[in-house]
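Below is one structure. I have some questions about it.
Labels run A, B and C following the written order; every chain starts at residue 1.
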Amino acid sequence: MKTYDAIVVGAGHNGLTNAAYLAKSGLDVLCLEKNDYIGGATVSRNLYKDWYYSNCSYVCSLLRPEIFRDLDLARHGLQVTPYGGGTVFMENGDYLGNYPNAEVHYREYARFSKADADAYERYSADTMRQCRFIRDFLLRTPPDPTSFKPKDLRELAHLGAKFYEMGEQRMYDTIRFWTMSVAEYLDEYFETDVIKAALSGSGIIGTALGIHSPGTAYVLLHHYMGDVDGNMGAWGYARGGMGSVAKAICSAFQSYGGELRTDAGVEQITVSNKKVTGVALTTGEEIKAPIVVSAMDVKRTFLKCMDKNDLDEDFYRRVKNFKIRGSSGKLNIALDGLPTFPALPKGSPLLDGDMHFIDSMERMERAYDDWKEGTWSKDPYVDMVIPTVCDPTMAPPGKHFMSCFVQYCPAQVEGRDWTDEERDQFGQTVIDQISEYSPDFKDLILHCEVRTPREIENEAGLTEGNIFHGELTMDQLMFNRPIPGYAQYRGPVGGLYMCGSSNHPGGGVMAAPGCNAAREILTDLKRPDITPVNFGDD
Amino acid sequence: MSERYDAIVVGAGHNGLICASLLGKAGRKVLVLEANEQVGGAAVTREFASGYSVSSCAHLLYQLQPQVQKDLGLKPDLAADGMSTVVLSPEGNHVRLNEKQVSGVSEEDAAEYQHFYKRMTRFADLLRTYLNKMPPRLAKNASKSDMLTLAQLGFDIRRLGKVEMQEFLRLIGMNIRDEAVERFESGLLRGAISLDATLGTHLGPRSPNTILTYLYRLAGAHGKISQPKGGMSAVTEALAHSARNNGAVIRTGMPVKRIVIENGRVAGVKTEGGETFSSSLVVSNADPKTTIMNLVKARNVETQFTHRIHHIRSKGNAAKLHLALDGLPAIDGIEKREFGDRFLIAPDDNYVERAFNHAKYGETSIKPVFEITFPSFRDSGLAPAGKHVMSAIVQYVPYELREGWSDKSRAAFQELAIDTLAEYMPDLPDRITATELLTPVDIEEQFHISGGHWHHGELTLDQFLFTRPVGGAAQYAMPLDGLYLCGAGAHPGGGVSGAAGRNAARAILKREAVV
Amino acid sequence: MTVQEVEQGRYRSPFYPRQAELDRLFQWHDWKGYATADGFYDTDLEYFSIRNSTGVFDLTPMTKYRITGPDSLAFINRLVTRDMSKIKPGRVAYAVWCDDQGQVIDDGTIFHLKKGEYRLCSQERHMAWLRMSAIGMDVTIVDETMDVCGLAVQGPTSFSILKTMGLDGIENLRPFGLTHFDFQGAELMVSRTGFTGDLGYEIWITNDKAIELWDALFDAGKNYGIMAMGTDALEHSRIEAGFIAAYIDFLPADATVRSGRSRSPLELGLEWLVDFKKPNFNGRRALAEEKRSGSTWRLVKLDIEGNKPAHHSYIYANPKTKKEVGFITSAAWSPVCKQNIALGTVRVPHGNVGEKLFVEIYYQREMHWSRVMAEATVVDKPFWDPPRKRATPPGPF
């Protein structure tokens, strides 16, 4: 029976990225995927006639351009097109547009407040400063602050130098930024409720916290630090849906000689003498390799796919207490035509952007209160896009695909599993909210896939359906992610590595954890580091 | 020609008095001006009904810094020392806590609590070192002592050892609820810990940062709670005495109208009564917002500084409820001898979180949380013979009530609070002979604390250490020559701890030579 | 409720109909949301109208705030670095304003319209900063950018044109003075200010009288060589005058992302605008400290040998070591001075007046790139500073 150099468990974008780099380095790599399709949560699914749903992740910005370029993803078929604009529909019939043109953006904000329109510039500069700070660390392995190894000391010193470089007042601003709530952060710039509501959404997406919870300003950053062709904070669509990202990385992986097996669920990562020996599949088949890399989240990796006896008790407890909370759901809808939104002027460019239906900070926060009580938000925060307005490949001509990211949606309803009926009620809540602003929307629905965290966990394998493989709170960031002492992609047993979004720098279709883990593996194997370095700025 | 002092302290709160006393001890000629007739600021005992007295705001001592006591030779006379805490259960299955031990919970919880307490006090000790130091400046050109303090902080964290250091770095930004739920099955225990972590803040147990507030609470006496004899005024009177002994002049009933500024620096103060006092050094015990916006005025400082001061979050949520009782109420499962303890109404973490939800929207909690004491039980001087007073901190009572604070809204909340208490003490309503409710608005008005916030500003990581009260002004000296802060709004924060007053005095003595 | 969509394209100034009639180039760009012409006929001719007759530039997109209220002086005095109590009603002051770190946010002109009433005019928008600065003060700040339009009337014949237009008493207006006239029932404000370094005026009126004003002005100017001019000509003349421009010679501090990229007024050569005798203003503490410990940068005016404009050039102290000490921010060949001029930023201690520096100039002729290392001399005076600029009453041309 064949022994591989390395087995990567899970063909999501991080697993594939990791596998691609290992294969590129010349290793004999097998990537295993439990589903009969690849991509994990980075997929395009054909669930209804000729429609292709980006049924988990739906927009692209965070994917590291260094990796995009390095793995030659464009030649492997990936094309990311930026999309512009967005709208918040207001209960009073008005709306707040987010226009890509800075001047028009100014005018729109000035419609509500000239001071806010001006403050946006300062807000952008301040936020951009934080983005620049964090971007430097995305393709680096976090230092272990308890270690005295030269590498860790060097990385710590680098972190300190980057921090000090900001200058005194901006260091204080940074400390505050990392610890405060998105609501309070926005309060320091803006006075208009709907403007704050519009901007606060990025502070909670994928996070089981409310806009007033300390720490959510950082989450905002997590949604701003990406870019499309250097435009920081811009988001785009992957042509053909998000599955194109996974397909392109997989194609790169295979071009380096890597082997992919789908329909190959891992039952257990096998260990002998504190060292991994390979994996056992659900079919009972065993595959041997001295290196196993898990792209699954840490809970799934250690609690479901390993023998408890192979793990140290303290480690096991910490994994159990790792916070990976289901806080969002998803509706994927096939539409017979483009819904109309009467509040928007005819021909408005905003129709091509994302849409939201919560116009106040109070409604944002109340949505969270429902989640704390163990139920889905009755007035949820919905991030709705219709990628087919610019991507002709995802639905037949004249027809459309709509993606609704919905928050908050708990992993369990009042402490027990979801029923199908509750799932449908959840879907209906979202459809009703959108219908308030689009009277013809309901009649255009041809098919609707409603996904609560239960469906997301069952299909994509994300524990509790958490899109980031773990909360992005301070206790789970940088050298704390996923678990203090294990933030350098190495697992607790020899030959075991972790490359999923549970690791630094966290979730989103970024591919950085996959790449960073590859670097550590290659280091351990004393092979040349072939992973890309940050493009850098200055 | 007005009288000239080396330093004028605005406000005779406990921090102002400590600062004045230490400046006096160093030979400075100090004047303390207090708006109220009584010294003590928010640490005072007042008669709220004929024959009934109570500590009006702070009512328990648990944070008074040993260094302060040592420096001033202060030994408060205690009516109770090491009070236990009883977490009331609606069913009478109360949980009892003293610092180290918990009873009324499962053996696992009791054992786990010991681990928890041990770790928390260890971290609190680490914190305490820095509560009693001036925060270092972060800057490439920072002073040697700033760099030294930073290095020491780094070293102290490393010295915890690998595992504890990891835990410290993980926990410091975390919420108390997750930690409580991970460790304990008892709702009452989780509720008590949640309450202790959120008392006096605008945070719920699920809000990240509440581990910090919990540690802050423990950083004085490891959670040991005591009650000064004669109420809080006993402590502040003793401080005033110490200040006078050190040569400070204290004048009460002298509200300061503004800080006089000449040629871009502090020159003295002017009182509401029109008197002026000269000094090139003014130390404000008032909160930062009051100090800068009202006493100094924005035009005398710079824009970003004003903006930062303006945005300090300092809207209080803690109200005080004082009841004059014709006898002790009956509490199911509580014996009479236990009435000297501290009682909490916080049956579980979700209850506390739900109580907080309302505060976010400018509403009072429908089911508020309480910290209750019967001070007269241990200190008979506070009530007529056979009668008692109850002193309770009630949360959440937002400073900015959506419907606005009025007699009507105040009465409505008081009724709700008493109804909630009656669920645990059914005969309480019949025993009440007089009441006093101090909402944050009342506290603001009567004790001159903007927002009625007992920390003079939310105690969160973004308003802590380097950035308290605001970044760039955390070293007690304000960006106006001659102006210092010495109150709870400065590092490290509020509670009857005295660290701010002591640190401020030390900063002043280091920086300001005798003129 | 149906909401009108905000204008998606560029605004047109109230003068646009007349400008469109004159326009032969069809070259417009965006200036704060307005369509602004690069030029109308020929950049060189337009430039020479400033130096030889009169050029008219549309100032409408300039940001204009009216500041009133009991604390207006206290407010402005804290805002800017110079002492505004010295600027009496009827006077205009060039000023800079800084953040608390003493870094320049912007520069502009402040018109003391009448006692306690000011207009602040700048290139960038500052409502957020002004509102922040107004915390705790009794002032009202109104953005009147869209309500008031303006023209810069610049050049040696500008006085004669305004006089011909019937503005009696204009001869008494001194540099940095402002006065009001009745214009067809509307109030016309005229100030003797400009961005060209020559004799010139700026005239302001409400939008509804824009066309009438333009027509009256061009009618009066037809015998004095009046000419509409665009941004390119203005840019040339402002470098000759040694004036700095935001986003070219400095970055507004509040929009600067990277540390060390903003500048203090001391570094921009604007120390004369900083009045340390004033007890408090934004940036005072930081600037006092900078004055004590020294600046990092210094803005310099350079007279460069040869005739190749030094666009984007590095500056060296020693052409052999090739260790750059700064860079050029604005460069031009000055047709009126016959000089190769530039504004640049160098690291202190470089940049003393008279110091010889070197700039590395790349230029292209017929696809072929060449490089010269040209000697440059630091000068202190504006490159162009004619006495007619200051004469009161001004000469007829």
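The criterion applied here is as follows: contacts are C-beta pairs under 8 Å (C-beta built on N, C-alpha and C of every residue); 3 or more make two chains touch, one makes a residue touch a chain.
As the structure is a prediction and not an experimental result, all values here were calculated from the model.
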| item | value |
| --- | --- |
| Touch-based graph of the chains, sorted into line, ring, star, complete or other | complete |
| Centrality ranking, top chain (CA atoms only) | A |
| Chain whose mean Cα position lies farthest from chain B | C |
| A-C or A-B - the one linked by more C-beta pairs in contact | A-B |
| Chain B and chain C: spacing of chain centres that average the CA atoms, whole Å | 53 |
| Chain A and chain B, separation of their C-alpha mean positions in angstrom | 41 |
| Approximate Å spacing (C-alpha centroids) for the pair chain A, chain C | 47 |
| Multi-partner residues of chain C (each touching 2 or more other chains) | 100, 129 |
| For chain A, residues contacting two or more additional chains | 167, 169 |
| Contacts with two or more other chains, residues of chain B listed in rising order | 304, 307, 472 |
| Chain A-touching residues of chain C, taken from the complex the two chains share | 1-8, 10, 30, 32-33, 100-101, 125-129, 131, 143, 254-260 |
| In the complex with chain C, residue positions of chain A that touch it | 92-95, 97, 99, 101, 103-104, 106-108, 111, 114-119, 121-122, 125, 128-129, 132, 165-167, 169-170, 189, 343, 345, 348-349, 537-538 |
| Chain C - residues contacting chain B, complex | 71, 74-75, 78-79, 99-100, 129, 132-133, 135-137, 279-285 |
| Residue numbers on chain B that touch chain A, as the complex places them | 137-140, 158, 162, 165-167, 169-174, 178, 182, 203, 206-209, 304, 307, 311, 313, 350, 353, 357, 360-361, 460-463, 466-467, 470-472 |
| In the complex with chain C, residue positions of chain B that touch it | 261-265, 293, 297-307, 310, 472, 479 |
